[in-house]
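Working notes, structure below.
Chain nomenclature is as follows: A, B, C, D and E, assigned in order of appearance, with residue numbering initiated at 1 for each chain independently.
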Amino acid sequence: MSLLEINGLTRRFGGLIAVNDFNIDLGEHELVALIGPNGAGKTTVFNLISGFYQPSEGSIKLKGKDTKGLRPHQVTALGVARTFQGIRLWGEMHVLDNIRIAQHYRLGYSLLDCFLRTKNYVHREKAIDAIAWELLEAMDLKDVAYELPRNLPYGVQRRVEIARAMSVKPSLLLLDEPAAGLNSSDVEGLIKLVRWIYDNFPVTIWMIEHQMKVVMSLCTRIKVIDFGTTIADGSPDEIQKNHAVIKAYLGDDTI
Amino acid sequence: MKTLLEVKNLKVRYGNIEALHGISFDVKEGEIVTLIGANGAGKSTTLLSICRLPPPEAPRVVEGDILFNGQSLLNVPPHKIVSDLDMALVPEGRRIFGNLTVEENLKLATYARKDGHEAAVRDYERVYALFPRLAERRKQRSESLSGGEQQMLALGRAIMSKCSFLMLDEPSMGLAPLLMYDMFRTLKELNREGLTILLIEQNANLALRFAHRGYVLDTGEIVAHGTSEQLLADPEVKKAYLGG
Amino acid sequence: MQKHTVTIGVFALIALIAVLAQFNVLDAYYVSVLMFMGVNIILATSLNLVNGYMGEFSCGHGGFMCVGAYVSSLCTVLMFSKNAILGAPLLPPSMTFIGFPLALLVGSFAAAIAGLVVAIPSFKTRGDYLAIITLAANYIVISAINNMEIIGGPRGFMGMSATEVGMKSVLDIPWVLIFTMLGTLGSVWLLRRFVSSTLGKGVSAISQDEIAAEIMSVDTNRMKLIAFMLSSGLAGLAGGLYAHILGYVNPQSFDIMRSTEIMVMVYLGGMGSLSGAALAAVLFTVLMEALRFLDVWKWVVIPLLLILLMQFRPEGLMGNKELADLFPKLRKFYSFK
Amino acid sequence: MEIFQHILNALQFGSFYALIALGYTLVYGVLRLINFAHGDIFMVGAYIAYFVAVTLLGIGGLHLGMDMHPALALAITVPATMILTALVGVALERTMYRPLRRKGANRLYVVITALMAGLMLENGNLALLGASRKRFPDLLEKVVWDLGGGVSVTNLKVIVIVAAIAVFLLLQFIVTRTKIGMAMRGISYDKFAIPLMGIPLDTIIVFTFILGSSMAGLAGILFAMSYPILEPYMGALIGWKAFIAAVVGGIGDIRGAIVGGFLLGFIEIGVVAVFPSTLRDLFAFSVLLIILWLRPTGIFGVAQTTKI
Amino acid sequence: KDSDTIKVGFNLELTGDIPKVGEASKFAAEMLKEEINSQGGLEVGGKKYKLEFVYQDNEAKAESAVNAALKLINQDKVIAIVGPNSSKQAIPAGATCNDSQVPMVTPWSTNPDTTKDRPWVFRACFLDPFQGPVAVNFASKQFGAKTAAVIFDIANDYSKGLAEIFKKEWEKKSGPGTVVGFESHGTKDQDFSAQLTKIIAAKPDFIFIPDNYNQVALIVKQAHDLGYKGPFMGSDAWGSAELMTLCGKDCVGQFFSTHYAAAGAQGATKEFIDRYTTKYKYVPDDVAALTWDATRLVLQAIQAVGKVEKDIKAERKLVRDALAGIKEFAGITGNMKFAGTGDPNKCAVVVQISPEGKFEFKETVCPE
């Protein structure tokens, strides 16, 4: 069974068609990219999947389950985590809390447990803590566990955001322009990080990215859209040679 | 060539934290100069201090001087820097006015212009020609634009403000490759028409290819400078900032 | 053992105050100021959950306090006092020890239910629009009570003192003071436990970035429901205590001015700091009493003081820090969880 | 017939809500600041009008020995009050709000400061002028027009309604059509970026306070003429209600303020006209609550589209 | 030195909703104190004691009134308390004084609950259930009225209570449905046009307004603006010197029931009015006069005790007993008879407002 199945997905804003008859089928453990010119509708596709927007038409199936009408936190509970085009961490809480809170859907204790500090509560909080520390350790963020995100360098914030998404234990990880605003050496680090995640977790990663270096070195499959419509879909090599893609998106780098 | 901007031993602080420890550099008329450096090196801070935006969000200059055309900027209020000295800044994070439409955003940028309606109309045309996307979205509230579209708008605003000295903070962020190259070509064209540019760019490779000269910033200090060719060839710089 | 020092200290303090009051070392005036201080602490800390931690702007806390005050008063009056509705008291004075806390609980519960009026719209509405809903809710509660002849309407409602008399008839110690102190302690303790749990931190996540919270699996509607109901429920408790301290309630005691006072305490203390809110409540109560001699000028001087304070500490007394953050050594004595 | 009288009454009282709500919305629309002192600035406006008027008429105030014709006095009182009230508003901004803003305080601290400033104005007035209420002199020869069928209207009512509408049109023009108006709206979204457009931030904010406070001054003088009894707390309740009206209309939107103001006037008068008047507040606020349930951002308010 | 002074506390609404009431009380008390102290003090058992009056502001709030009372009792150690004036504060403060065993006399609170079952609480004014019928009888006689309309303040227990008593009495007298309009408003309202439009459309023979004078001024004016030309009848809350400054010619010719008539007053009453007017530049209203009487009641009780005990508790008890023992008292607001309930039995007067703005005596109504 495929992990994510999108059929005929369309989303309109007033008269504007942001996503038009979008289809994709993602299996387990893949590394895929979604690219296209600015305003092509890439972020909108992600927003539709995570339940932030409801589709105008079409269906989104996650592990065979239609996500229609689900609220975003319910979709996340099904195993979809994401990062945002502009970083959206909770800036006034330290990194550790950021990562704990993203496990809200599987807290496993009630309000009463919380008031009474029952055994179950203590046990669950410990488990949540353990997962958080494990991730911080693995992603080399241990030193900043008690820092506020807004005081961290941009590159580190990006890593924290990815760590937060991973604490959801997702089977589908959506990354929206993870390399934007990173300098050249940080981009290298990011590529390594994504690869490491891909190698160590049973997760399908789907990313939007404008930096071809990142896309080409990571992804096995690339989907290109323009004006909400798919214009190409294939391996990195195919895409790089595709005339429509070059004309609409890649261009040439003579300055 | 005349020196347009001269920064002398600039020290600035956020609260009690010193972010720049005394940097000096200059930009001559008609040049393109770039500042490169790692995340958090203080590049944006430098531009914000030049614009003299008020704290707390912006830093506070504690020492040194900033001269523009020989005149110190330290006592010039920020809006005057834009309206009287014809400088413009495209800030980090775009900072467009999301509750205004695309058109209103551009119009607001002409607030301090004095060269008449016609000239402004010509510039509207220029912006819309450069970013046809914006023309399509003229009446849309700008906060619903896509990330890249917002970046175009931020640049459009700078062009509309009719500046002779343009400071850009990561203008390529979030732009698709095609558009990014287009943008740099347009900037080059503007430069040939006389616009002086101070550029910050994460993609140091690209920035150095585009600029005449560059400065390398590291944790609040300038560690290297030279012409683009020199920097591109410098093995240290290459290793640290150009991604090997 | 060390971990319990603070707990033991707090209970010892309560016992000490009760003893001092019993033997009139603390006269009735100080005792009443202490009790109002307790009520103010509950009010400020509970509002801080919504206005500080959740970042909403509720300005009708007085309305929920009103609901709690009236409902719990109605309960005790029906049970323990001669009244216009049922005539003779239902229960003997010895039952007050169960009846009083129960009535307080019923009052809090009713206030929590009233909190729904604000909690449900908060799913869709935020910020200043929600502020108006709370304000309107405040007006509605007061206006509704003004229209209820059976509980005295604008005349107010009384007979609550029978409860204290009943308790004292069994054992003559300052019961209402003790209950108020325990109620205050309990409220702060409940709030503290809530906001320090991962569950409760979801509330802060909403305040900092609601969209990110929802997308990162926080059920924002549920969290808002919990926060609003907990906050208004505790306001109801404060109202119940207030009514029994005073022995008389009147709808005008819970108007916008009251809500304003509570708001001032919250922001004075610092948004998102329970110890700050409590500290501000203490300070505010003391200030209100200490400046009595200024007569008409009191209400010129108090706002002026607060304005100056905010100019010098634009994040409130404590910012979003707790006592334990400022004095890390305290952690040795208490886990603060 | 009674109904026409009620409509006229609602229009008049709604006009006051609208005039005050306009000031609220204007400041809010620029600074995201709920200027809770606004109701009290309105009160100060009424008192200023009183002192100017009695001084000019020679029956009190500064005792300059003037003895002006009431109509002339009115002609001078209106602009004088508007200017002086604007000064009060600007003074608040300069001494209290601006320093806080500069320190980057959470906007709610500015709101609380505004609340405190309001209390200070109220009680400062009480402490300085004593508890006696003031009677506003008659500056306008009252004319009661009997429209037949028991419906009557005074010349003052007509003036009030016309003034509210005129002010609305003026402000709507400024905010939507001029560059200053655009800058005002821009500030509400991102203060920081305003100077980068070459716009003097503080000047625009001061301009906003001048506009908003002078409108409160105008409302104050009209109110004092219609309800000629002045007391220190007169601005508090009507201020809160006008604020509610502004929000129900969609705060930050000029149309919202005028519609919200009239709406509140109509609801209040309508409830009293149909139901026992004891239920007025209960019904009126329930109706407003329901409107906000149905339209979470008010009648004209646009939800901020959060782009992620 | 302390033993040379006698301390009396005042629990007054100096700020908040009704600052004028607190101010008038304070002025009257100050005047009384100065008068007595200028004569060397209050003579008790042959010795002269200086008077010391302690004023506490209750902000016109219930809990603040309780705190003010407790502060007067425990900190300032007063022998007795005068005030609060308004029932909202007087009821809870009365409970506090009763529980703490301190005598309290409220000048102005007309709500029955204030003194009910409270042996330590007294008052100097008549009660609402008495004033209502006075208005009914006078109006039906004076205006030959068959129908009446009422407009009152819903959030003011005084106003609401009186309005209801009036309605009941009027319908008892003239038949059900003869109160053709019964409308309310809020305390801080300034616009009454909707209520008045309804009332005027019902064509009552007169309008009864048991409201505070400041609202009266607005109501009467607005009724005239809406074309009403009939008479008004008011209650004791009209009786402020400010009424005429605020209301002007609109109020001329109207009637209201009150505690005393300032215009045409004689003897001690006139003397009080004249002195107050010279000192504070306005004619004292009923609160001032009632505070004067209430304070004098307390002082008389202290004198009746005949000595000042060292032990304040004992002294308070004696003063209470003395207060309860007063059977008759000649106040400037009329003669009072006490029957052991703490409530005086006293006459009301009805006055008419003259074209010069004076409150002219019309008739006296005494309880049967």
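In this text, a residue touches a chain if its C-beta (ideal position, glycine included) is under 8 Å from a C-beta of that chain, and two chains touch if they have at least 3 such contacts.
Since the structure is predicted, the reported quantities are computational estimates derived from the model, not experimental observations.
A.B. asks: Could you tell me which chains are in contact with chain B and with chain C alike?
C.D. replies: Expected: A, D.
A.B. asks: So if I look at the partners of chain B and the partners of chain E, which chains show up in both lists?
C.D. replies: Common contact partners of chain B and chain E, which must touch each of the two, are D.
A.B. asks: What is the chain whose Cα centre is as far as it gets from that of chain A?
C.D. replies: Computed centres place E farthest from chain A.
A.B. asks: Specify the chain pair with the maximum number of C-beta contact pairs.
C.D. replies: Among the chain pairs, C-D has the highest number of C-beta contacts.
A.B. asks: Suppose each chain is reduced to the average of its Cα coordinates; what separation in Å results between chain A and chain E?
C.D. replies: 73
A.B. asks: Determine the centre-to-centre distance between chain A and chain D, using the mean Cα coordinates as centres, and give it in whole Å.
C.D. replies: Centre separation, chain A to chain D: 49 Å.
A.B. asks: Report the inter-centroid distance (CA atoms only) between chain B and chain D in whole Å.
C.D. replies: Inter-chain centre distance comes to 43 Å.
A.B. asks: So which stretches of chain D touch two or more other chains?
C.D. replies: 103-104, 123, 126, 278, 280-281, 306, 308
A.B. asks: Give me the residue numbers in chain B that touch at least two other chains, ranges are fine.
C.D. replies: 144-146, in rising order.
A.B. asks: Would you pick out the residues of chain C that each touch at least 2 other chains?
C.D. replies: In chain C, residues 146-147, 211, 215, 296, 299 touch at least two other chains, as defined above.
A.B. asks: Please list, in label order, each pair of chains that touches.
C.D. replies: Pairs flagged as touching, ordered by label: A-B, A-C, A-D, B-D, C-D, C-E, D-E.
A.B. asks: Can you name the residues of chain D that touch chain B in the complex?
C.D. replies: Residues of chain D touching chain B: 102-104, 179, 182-183, 185-186, 188-190, 192-201, 302, 304-307.
A.B. asks: Along chain C, where are the residues that touch chain D in the complex?
C.D. replies: Going by the criterion above, the answer is residues 51, 57, 117, 120-121, 124-126, 128-129, 131-133, 135-137, 139-140, 142-144, 146-147, 211, 215, 256, 260, 263-264, 267-268, 271, 296-297, 299-300, 302-304, 306-307, 310-311, 314-316.
A.B. asks: Can you list the chain B residues touching chain D in their complex?
C.D. replies: Those residues of chain B that touch chain D are 51, 53-58, 77-83, 88-89, 91, 95-100, 104, 107-109, 111-112, 141, 143-146, 157, 161.
A.B. asks: Which residues, counting only chain A, touch chain D once they are in their complex?
C.D. replies: Those residues of chain A that touch chain D are 43, 47, 52, 84-86, 88.
A.B. asks: Hey, which residues of chain D end up touching chain C in the complex?
C.D. replies: Residues 28, 34, 96, 99-100, 103-106, 108-109, 111-113, 115-117, 119-120, 122-124, 126-127, 240, 243-244, 247-248, 251, 278-282, 285-286, 288-289, 292-293, 296-298, 301, 306, 308.
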